[in-house]
Amino acid sequence: MNRKKDHEVTLTKEQLLNLLSTMLLIRNCEEQLVKSYARGDIPGGMHMYIGEEAVATGVCAHLKVEDAVFSTHRGHGHALAKGMKPERMIAEVMGKALGCCGGRGGSMHLFEPSVGFYGTSGIVGPSILLATGAGYKAKLQGSEYVGVAFFGDGASNNGAFHEGINMASAWSLPVVYVCENNLYATEVPLRTITKSPSVAERASGLGLPGVQIDGQDVLAVHKAAGEAIARARRGEGPTLIECLTYRYRAHAEGMRETGYRTAEEIEKWKKRDPINSFKERLLAMGTFDSQEFVALEQSALQTAEQAADFARKSPWPDPKTLTDYVFSEAQHA
Amino acid sequence: MREMTFTDAAREGLTEEMERDPLIFVVGEGIGARGGNFNTTVGLYERFGEWRLRDTPISERGFTGLCIGAAVLGARPVVDFMFLDFELDALGDIINQASRLSWMSNGQVKVPLVLRGGVGIAATGPHHSSSLYSFFMHLPGLHVVAPVFPADAKGLLKTALRCNDPVIFLEHKKVMKIKGNVPEGELSIPFGKANVVRPGKDLTIVGISYMVVEALNAAEALEKQGISVEVIDPRTLAPLDLETILESLSKTHRLLIVDEDFSPCGAGAEIAARVMEQGFYELDAPVRRLNGPFAPAPYSPPLEAVAVPNAQAIVRAAQMLLAE
Amino acid sequence: MREMTFTDAAREGLTEEMERDPLIFVVGEGIGARGGNFNTTVGLYERFGEWRLRDTPISERGFTGLCIGAAVLGARPVVDFMFLDFELDALGDIINQASRLSWMSNGQVKVPLVLRGGVGIAATGPHHSSSLYSFFMHLPGLHVVAPVFPADAKGLLKTALRCNDPVIFLEHKKVMKIKGNVPEGELSIPFGKANVVRPGKDLTIVGISYMVVEALNAAEALEKQGISVEVIDPRTLAPLDLETILESLSKTHRLLIVDEDFSPCGAGAEIAARVMEQGFYELDAPVRRLNGPFAPAPYSPPLEAVAVPNAQAIVRAAQMLLAE
Amino acid sequence: MNRKKDHEVTLTKEQLLNLLSTMLLIRNCEEQLVKSYARGDIPGGMHMYIGEEAVATGVCAHLKVEDAVFSTHRGHGHALAKGMKPERMIAEVMGKALGCCGGRGGSMHLFEPSVGFYGTSGIVGPSILLATGAGYKAKLQGSEYVGVAFFGDGASNNGAFHEGINMASAWSLPVVYVCENNLYATEVPLRTITKSPSVAERASGLGLPGVQIDGQDVLAVHKAAGEAIARARRGEGPTLIECLTYRYRAHAEGMRETGYRTAEEIEKWKKRDPINSFKERLLAMGTFDSQEFVALEQSALQTAEQAADFARKSPWPDPKTLTDYVFSEAQHA
């Protein structure tokens, strides 16, 4: 508690409000997408980040454009927190030409290298390895940049976790591994597929620091990520951060929500909603008043609505472009 | 005979075999209480319990290797990968261990193992749409099964579950809800027997997996133009029933192979090469292939529309081939 | 021009490119101070240091993924797998990531990555002999390079190291010590240009990788029987220079493809199918394939002797084809 | 020290002599193979187990025929300790028809299911996974049998280690994981490719017991393996045993032996030779006298020589058999 207090007083009002705004933006964009899905505007699958906003927000607040983020199937929040424009994100999820990748891939294939976002992914695991490579590249060049991997508790049982983190640790690569432990992989509870006491505790066996933190507390995330990123930039190597968090909606949009978890569990977590609890804290601290909050909320809603609107109005991709960029160089096509 | 879907028929086959053989078990992510992403195991967890319906971590390579080991020791594991794309992380051990252990051990070890996964494009984008039939056809030691109709799904899965060698069982997402008559109880369909699903005399079309359905639609349309098309569903790609294809060719003298998967070194390349080798003098025109374009699977509907051969495209290809 | 071995020539190409481009680095097991299991990097560690010659743990999937990430960020990694067989543990990420990132990102991301490994049977047994050319040919987004002669090894590796897309660079164990003339300094050979390594007029033989050497030996023997054989080395399998093959066919009208790798859906199937599609009316006989038998690679010498097509077997196949 | 003493007095003379005999058999067979290699009688590659005999010996002494062993590229010792006949092993390594697999695969492809030996392997890693599957099968059937995986320190950085051991731990499978840490993977020192403090310490992150023991002390191995196997048979789950050991010869026979390790290091380890030190201990304990030892040594040498002789005289395999057993069932061939 004291440590958290310490951390929040070191942040400026602007920083605090930025954290809140980012979370609000993510929440609102996700809600637009949920509505679009219900309306039939989303041609494929989509995994919502609602409930987990503090993680992407707290981590990405520290990142420069050149720092490279590699994300998961549940990556809208990471994309937005790293700076992807909401309309480019939503248009992509709708499969539209003005999406960040021209509608080619949708939700699980969002890329925006211009802001250092190297992709959501339909395959669980590789984000860990590719981020390790970004760290290798930084070290090879002697730059100060870091690679960041987001991944779920489910990915922590994948060989990519072991192989990637071991190499980063061995060679002190500037990488931050952010595990979003939301207790389930699809509908499989973590405790049924591992006896691991925690994801963070696996770090010691690989010789790097591992911390488990409250992923619903954006300041706790911000602090832990800040330390890890600073450590990485100093050349001292990688850190594994396990963020305890929770998704509110079904594993994928449109999936039934029964059986594997209780309504009480969901309610319990919703009481600790990362946005609400941060808002309450800021109100209590007198950082802003409720009116200012309403304005922020309105602004996020408006941005998200405009983005969804933009996306809906975007043209479809031209079928003739289907075979573009199979190779990056036209002469090989 | 009852009407049922492909997936229900396959599940009936699995259930019957699991009743019969206590050493059959299924592993995968969400194949326990959830019943499988594609409903492949609905109801089985309640019936057979966790040791026979094992929800796994996201360790595709790991649980595939686990199943290879269990198979070597005499169990009959089924790996339910959901999407074939996830199976690719396990290819090393599928190739180096599963497909070769019988041979390497000089016949002392058997690997009765079924690897099943969904293939094909269905609004699924570049990471959930791979087919890669030919990867498995290329390798000695594997059976490759790609049924289209419910009765075949049941019969071939039952055969797979009695086979003493690894079987790659590929289920196109677009056939999973196809309905058809399925005989009750015992139904065993041998590997290596193609089905002439529509007889004809002007042109032979071999469809790979779901493409059989599009080929049938095309045949219907061509019939109206007075063109009689024979459509063949190979059902198993390894072993491949070339005889049935050659027999058809000796009637039609023209062959079109339709495959949604990539063309180079694909199933169609093999069928074309073998037909040339064994039926060259029957051919009135070159064997033609119709494949998806050489690009990853797109997500956006207008892109998908051109990424997958459909009845229209098949009609066009057939007309061109007949004009040669 | 100097005489040097295939491996020395390739290493010279690598060295020159590493001098030129500080973002090229090599990873692999024992490619540092040891200089590589096949001497691919001898002397480079001393010259370029550990960050550019990185000895890795036995984490094939991991370091391949690491290199994909580094490539995405603008580095030019070379993964030296020793044996292609070990690369198979990384196929998931090679397919789903490396081969598709350019396309998935709509051209925003490039993956300049060279994946090299030894292929082919050389007293190496079932876990150290895979070739699997066709796996890579099947996939959009990959270049597949399989040089035979030293100058090609150097020139094509240099081209690979300047290419902005992933390149699969396959080195047959039996070509590594082949000697030949290699120009000093700059030497860039474009992908997609086959070489007619021996001109002839009665029959065309396309050899895949080391089979070019056996084909040349066979051509020599056939010459003595008055049979003139044209031998083609495609050098790159993707892109494939079909034009050169068709041109040869328009002279010889008969084509034999020799490949040590498995026949079904192999490189030969693709070449045969495409030649039929584009050169059907030039063919006096069906395109024939000569492959290794459909079984894993054996270790015992008398088994290996029949597992790999040799000049004698090629001569027989050529004679049969000419008699058709 | 006391614990070891305790253990050795619980063993019968017969058990002690069996341990010694097995180690002597392995050593002598390996030496025959080294000679054969030098003579040109070995057509391919071969990784010698000399120096590491205590590990296979101490572990396999506990195993029943039905317990399933999965081994590595350096697996002659495991094969012999599990009961493969020396002549079947040597003939296979020579590529002969009377080898355990008809000469098909050689050193890295030894199989003898009749004694529960499921193979050496040319691929590093899978032994861990396949042994896990043997454990799964045992549990599925409710049998008392265990799966045993041997693997090197090199394999401990492979994803198979993480994925396989995690599953065995999660489901309490009867599997024993025996890591032979001989400090190097080929010529790459373990410390350059991991910051892991030890292989055994990785166990805690996966929720299973891990122990590091002196792999040159056959009694220490015997004790740790006995406990692990008993635990597995009781249904309490897997154990990871890290055996510190050392190979005397080059990574593979015929490879140069320079650069990556010092002559002093090799000498230091040879002073702790597992056979010599065990012999000395037994002599000191009065278990036998030197004459009895010489007899044991002679007998091992003779067995090995006869095996090598048998192998040399074996016919070559018939080329016509090459495509047998591509499928186990003839009708599919």
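For clarity, chains are labelled A, B, C and D in written order, and residue numbers in each chain start from 1.
The working rule: a residue touches a chain if its C-beta (ideal position, glycine included) is under 8 Å from a C-beta of that chain, and two chains touch if they have at least 3 such contacts.
This one's a predicted model, so the numbers in the text were calculated from it and none came from an experiment.
For chain pairs C-D and B-D, the one joined by more C-beta pairs in contact is B-D.
The most distant chain from subunit D, with centres taken as the mean of CA atoms, is A.
One simple way to say how far apart two chains are is to compare their mean CA positions; for subunit C and subunit D this gives 37 Å. Taking each chain's centre as the mean of its C-alpha atoms, subunit A lies 41 Å from subunit C.
Mean C-alpha positions place subunit A and subunit D at a centre distance of 45 Å.
Contacts with at least two other chains are made by residues 102, 104-105, 109, 121-123, 157-160, 162-163, 166-167, 170, 192-194, 326 of subunit D. In subunit B, the residues that touch at least two other chains are 56-57, 59-62, 85-86, 89, 92-93, 96, 103-104, 126-127, 140-141, 294-296.
Interface of subunit D with subunit C (complex): residues 43-45, 95-96, 102-106, 108-109, 121-125, 154-155, 157-159, 185-188, 192-194, 259-260, 316-319, 321-323, 326. If you check the complex, the residues on subunit B that touch subunit A are 29-30, 32-34, 37, 55-62, 85-86, 89, 123-128, 293-296, 298-303, 305-307. Every residue of subunit A that touches subunit C in the complex is listed here, in rising order: 68, 70, 100-102, 104-105, 109, 111-114, 118-119, 121-123, 126, 128-134, 136-141, 147, 159-160, 162-164, 166-167, 170-171, 324-329, 332. Taken together, the subunit D residues at the contact with subunit A in this complex read 157-163, 166-167, 169-170, 192-197, 201-208.
The residues of subunit C lying in touch with subunit A in their complex are 23, 25, 51-52, 54, 56-57, 59, 61-75, 77, 92-93, 96-97, 101-111, 140-141, 143, 163-165, 191, 239.
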